[in-house]
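Down below are the structures I want you to see.
Okay, so chain A shows up in both of these, paired with chain B first and chain C after.
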Partner chain A sequence: MVNLEELKSEIKRVLGEGKVKYFIGYRRSTGGLPAAPFFMKETEDVERLIWDPTCIANLTRFLDDEKKRKARQKEPDTRPIGIIVKGCDSRAINVLLQEEFIKREDVYIVGVSCEHSGMVDEKKLAAKMKGKAVAQVDFAGKDNFAVTAADGEKTGIPAAEVLAGRCVECKVDYPVVRDVTFGEELARSPGNAFKSVEKIEAMSVAERWDFWKEQFDKCIRCYACRSVCPMCYCDECVVDTINFAVTAQTGAKEKAQKIKWIEKSPATSENFFYHMVRAMHLAGRCVDCGECERVCPVDIPLRFLNKKMEKEAKELFDYDVGMNPELPSLVSSFRDEDAEDFIR
Partner chain B sequence: MKRTGVFICHCGINIARTVDVKKVAEELANYPGVAHSEDYIYMCSDPGQNKIIDAIKENNLDRVVVSCCSPTLHETTFRNACKAAGLNQYLCEIGNIREQCSWVHEDREKATEKAIKITKSTVQRLLRNEALEPISVPVTRRSLVIGGGIAGIQSALDLANSGYEVVLVERSPSIGGHMIQLSETFPTLDCSQCILTPKMVEASKHPNIKLMTYSEVEDVSGYVGNFKVKIRKKPTYVDPNKCVLCDECSKVCPVVVPDEFDLGLTGRNAIYIPFPQAIPATYTLDSKNCPGLVPIACGKCADVCEAGAIDFDMKEEIIEEEVGTIITATGFDLYGKENMAEYGYGKYADVLDGLQFERLLSASGPTGGKVLRPSDHKVPKEVVFIQCSGSRDPEMHCAYCSKICCMYTAKHAMLYQHNVHGGQSYVFYIDIRSGGKGYEEFVQRAVEDDGVVYLRGKVSKIFEEDNKIKVWGVDTLTGKNIEIDADMVVLAMAMRPSDGMSELTKKLKIAVDKDGFLSEAHPKLKPVESVTAGMFLAGAAQAPKDIPEAVAQASGAAAKAITILSQEQLYHSPAVAEVNLNLCTGCGMCVDVCPYDAISLEDGKAAVNDVLCEGCGTCAATCLRAAIQTRNLTPLQVHEMIKASLGG
Partner chain C sequence: MAEEFEPKIVAFLCKWCSSAGSDLAGVSRMKYPPNVVPITVMCSGSVSPLYILSAFNQGADGVLVSGCHPGDCHYIEGNYYARRRIALVRKLLQYVGLEPQRFQMSWVSAAEGQKYTQVIQDFVDTLKPLGAQKKLRRKK
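Up next is the complex of A and B:
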């Protein structure tokens, strides 16, 4: 069990000693159930820190932003960033380390165990509560949540009924990379880690096409999925027609080389292209933190795409994403024993 | 406006049969950016090349597309023609409408349409090509030869006699390879050692040859003309300059292990000389079998060595050498006996392989040249030779023909008949392959003069009974079952690449074929080149072959190496990868995937070594950020090519 007071005192200690530039954690949101990312700079900020099943956001994206911010500053504060990570988030840090995007010394990692249950899915909980407003959700022992409604009424709910999809198929519910850990380190056995994909796999090619066509039809190309993703850290995205990376140093030759791969407008064909490119670029990198799907305003089930890629990586190359930063990335490693029967 | 010239080749009827060449030329004449378009029967001929040169001058062309055969064949031809006309050679590109179009299609209309698209897409690529200059690199004018068998020795001698320094690396304690183990050679029955030892001596005394025995190649980096090689020199624990070959050390050595040179027919001590004519002439202490060096467990050899040649403190050394070319001549080993349980090999003492039989026939062998059974040292009265043991058997063993077994089996049977009067030899064979000068006559001599009985068929069963090796088989010419109560069986085992070759090829980054032999760059026209520039192949490491063939290939490889070593400068294609530092995040994936080790991370960004880069584009395909691209084959060019191919 994570002791919140102990967690707070650790963060206060680190902040107090000036060891970190700031600390990223969670606080109660003013606009909805999921906890809000919380940037703590002073020790007194830490009082507002929370840790409960609504702390679903993957905070590692902020490490990407920090790196870019630092790169723009003339004399940046080079102290590490403190961050609270869950098991899935910690795997994202491993991928960033593997890709040498961040350095281990740039981050002070406080790992928290998911208490043998996981994070709550806001929509599933709303359905379960039949629309009744929820004030708070707490861990209540193994596989259980204690839900406090806005009117003060308390109910116990089995975690399995309201768990986020990513947690149902979770591989590690404790951090695989961290400086300190709170709560028990307990590897869970997820059963079938790729169960959700089976539904799509069972479809015929035509059915699958229709399914995705319907999904991508909805996409408004708000790029929330890309903005929240810790792996989408490129300065210039291949689908952008605006070049973020054009600087004063960008030569005419380079500008002339820019390719307009897709149209900006959210037409279905262009949306297909965007999501397919993103899925391919996440192959062997996506840790299934599920944030893209959670933030999608039009409910596109993006986890299916990424989960399928993860499954392929596992089945073809026995590759587990984000478990070991020492290994080369999936797409840049070749072994003699790699499967090649899919090359035709 | 760019002024492109387009030239469509008929290639006789190779292209014209399935592609309407005239129509392609007409269609391209109206394509934007094209100022001139024509077709000709053989573009690569002199008149064809002159057409290109004349057109460039007359029409003031600033770039040229030739649609013809694969660029691997005539790219250089046409680029040189453009250069002769004053055009930058990298403003000439080839559209492949033969291998990728006319040869693989039948429908003339559709093939013509495809040829048009291929040519248009090549124009689109070319419109965005940059004028480049070849990169020049100096040449390290010395060579590495890996393997000190007959092939390696021959290559080294040819190079050394041409005035180039050679580093000859051999992993065993002496050079000589398998040839030094042989008795007599077909078809002339020359004594193998007598013809090889002069070459060994010449190699060891040659001022241009640096001989490194008991050494293995550890790592190879660099590129044609400038390889850096790390060689691991294993300690022999004996100072060759002090050793006087008195043999006192091996007399007192308490350890006896199977002798590699005699293929286990005899034993040797832990301190030994592989054979009397070994080069370098010195003893070697085999640390694996010595009771212990650290701490010294026995030390008897050092006690009796009056010359004080034994040095237990000798350490392994890593020696770095710089060379311009590498010749791999690592030879063969025989297909393992563990695979031939059906013939009782490894189970019955009197079932031998070809090399063991060579040792029995050899005057320097364990029996002094007498053919005796290993089990009871009696003279075998009947000997059965089984050809194609492990070869030509795709279901169970090796699919390929091991090529030399027909000949050496005939030799074995013949020498046995000479050796054992009144003895009888039988040869089971599938076919007799005796192509070669004097080879067929040699086989006939074995049959007619020496009375060797040839039986066409396979052996079904071999087992030991009453001190005999019973061989059951069938003679398919008479259809009769054959049962022979033999005293000895000799299996003509398949040749396969020598042990450790796959590890070596990984270090060298050269390709092997499905059987593990070294792959030549072209089966017809580049038989001694590997696909990696500056690396050449010689001897049985490339395919099973006999001594004259191995020697011929070794000389060929040396000549090919000299074509590089004799030059002051080498030129390298400038179509290499370049990094866009604005986009590079330094993830290092390109570093991992580069097959040529051409990319490294410098200050957190990828940096390309232009000379190492072969322009393969693997990095560009891997980079998630399109931060690395190949010159004259950029993503934009590919994009435009795709557009043109789709008819856009």
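Up next is the complex of A and C:
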């Protein structure tokens, strides 16, 4: 069990000693069930820290933002950032370390184990509670959640019924990189880590197309998936040219020469292009934190796409994402025995 | 009589082997279908997945990526990177429901003009029954 008081006192200690610039954790949200990201600067702030199954957000995205902010400052505060990570979030840090986007000394990592269960899926819980408002969810031993409704009624719910998709297929539910850990470090054994992907693989070519066409046609191209992803940290993104640096000095010729790979309008072909480019850019980098799927306003199952690339990386190249920051990344390495049966 | 469907193929050929191979086929007066739009790239390893998706987006019925045989790369290991990356692109295209036959990769050396014509001939033959690629094509 993660002891919240111990966790709080550790963060208070680190903040009190002035070791970190600020500490990122979770607090109760003022709207909705999922916990809100919480930036703690003073030791008094820490009292509002929470740790329960609603702490679903992946906070590592803020490390990207912090790095960019620091790059713009003349005399940046070079102290590290404190951050609370779950198993999946810690793998995201590993990938960022592997790509040398952040340095290990720039983060102070406090790991928390997911108590053998995981995070709660808001939509599944709402369905389970039949629309009844939920005030609080707590861990209740192995594979159980204690749910407190808004009217004060308490119920126990088996975790498996309301667990987020990412947690059902999670392989390592404890932090793989951290300075200090709270809770037990016990690897879980999921039935099948790629069950959702296999369901789609079993379809015929035409069925698969129809499935994805239905999903991608919903896309309104809000780029929420890109904004929330800790791996989407590029300054310039290939899919929307508003990101390209166009200044007063940029001439018409230069503007005209910028390659426009993709239309902004949400047409079928352009949505496929966007999501496939994203899947390729995340191949061997996506840690399956499932944030893209969670924030999607039109419920596109984006995890299935990224999970597929993770599966191929594992099956074709025996590559585990985010487990070892020392190894070269998936597409910047090769083995002599890589499959080439598809090449004539 | 209705005209027979002629597929349009975009071929990314590496400068050192496959492009020279297609050149050999040309200067040797070998006959092969004129359905290919060859694009010479410096190395098969320089072919970004973006090029491939863009070719389909612009209306290619098939895309071919061709490079040097493993071990023959002018840049020592470029085609090994390509092999890994192309394998992933291929799996992804299949996964979203594109016919797997529409995307191929081959090793063609500078001396294999004959093999190049054969690769193109076979590719055209497999694409003809599939018809035009409309799934990923941008609507004008």
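A few remarks follow.
As a convention for this text, the second predicted complex is superposed on the first by the 326 of 344 C-alpha atoms of A that agree within 3 Å, B and C clash if a C-alpha of one lies under 4 Å from a C-alpha of the other, contacts with A are read in each partner's own complex, and residues count from 1 in each chain.
As a working rule, a contact is a pair of C-beta atoms (placed from the backbone, for glycine too) under 8 Å apart; a residue touches a chain by one contact, two chains touch by 3 or more.
Every value quoted in this text rests on a predicted model; they were computed, and no experiment measured them.
In the superposition on chain A, A:Lys308 contacts chain C only, with no contact to chain B.
By the touch criterion defined above, A:Tyr233 lies against chain B but remains apart from chain C after alignment on the C-alpha atoms of chain A. Taking chain A as the reference chain, the count of touched residues is higher for C when chain B and chain C are set side by side.
Of the two partner chains placed by the overlay, chain B and chain C both lie in contact with A:Ser332. In the superposition on chain A, A:Thr250 contacts chain B only, with no contact to chain C. By the touch criterion stated above, A:Ala202 is placed in contact with neither chain B nor chain C. Residue contacts after overlaying the shared chain place A:Ala279 against chain C, while chain B stays out of touching range. Shared-chain residue A:Glu340: touches chain C; no touch with chain B.
Contacts of A:Leu316 after superposition on the shared chain: chain C is touched, whereas chain B is not. In the superposition on chain A, the residues of chain A touched by chain B in one structure and by chain C in the other are 238, 261, 331-334. Touching chain B in their complex are the following residues of chain A: 99-101, 233-236, 238, 245, 247, 249-250, 254, 256-259, 261, 281, 328-329, 331-334.
Taken together, the chain A residues at the contact with chain C in this complex read 200-201, 205-213, 238, 261-263, 267-270, 272-273, 276-277, 279-280, 283, 305, 308-309, 312-313, 316-317, 330-334, 336, 338-340, 342-344.
Residues of chain B touching chain A in their complex: 580, 582-583, 585-593, 601, 604, 622, 624-626, 629, 634-636, 639.
For chain C in complex with chain A, the residues that touch the partner chain are 49-50, 53-54, 57, 70, 77, 80-81, 83-100, 104-107, 119, 135-139.
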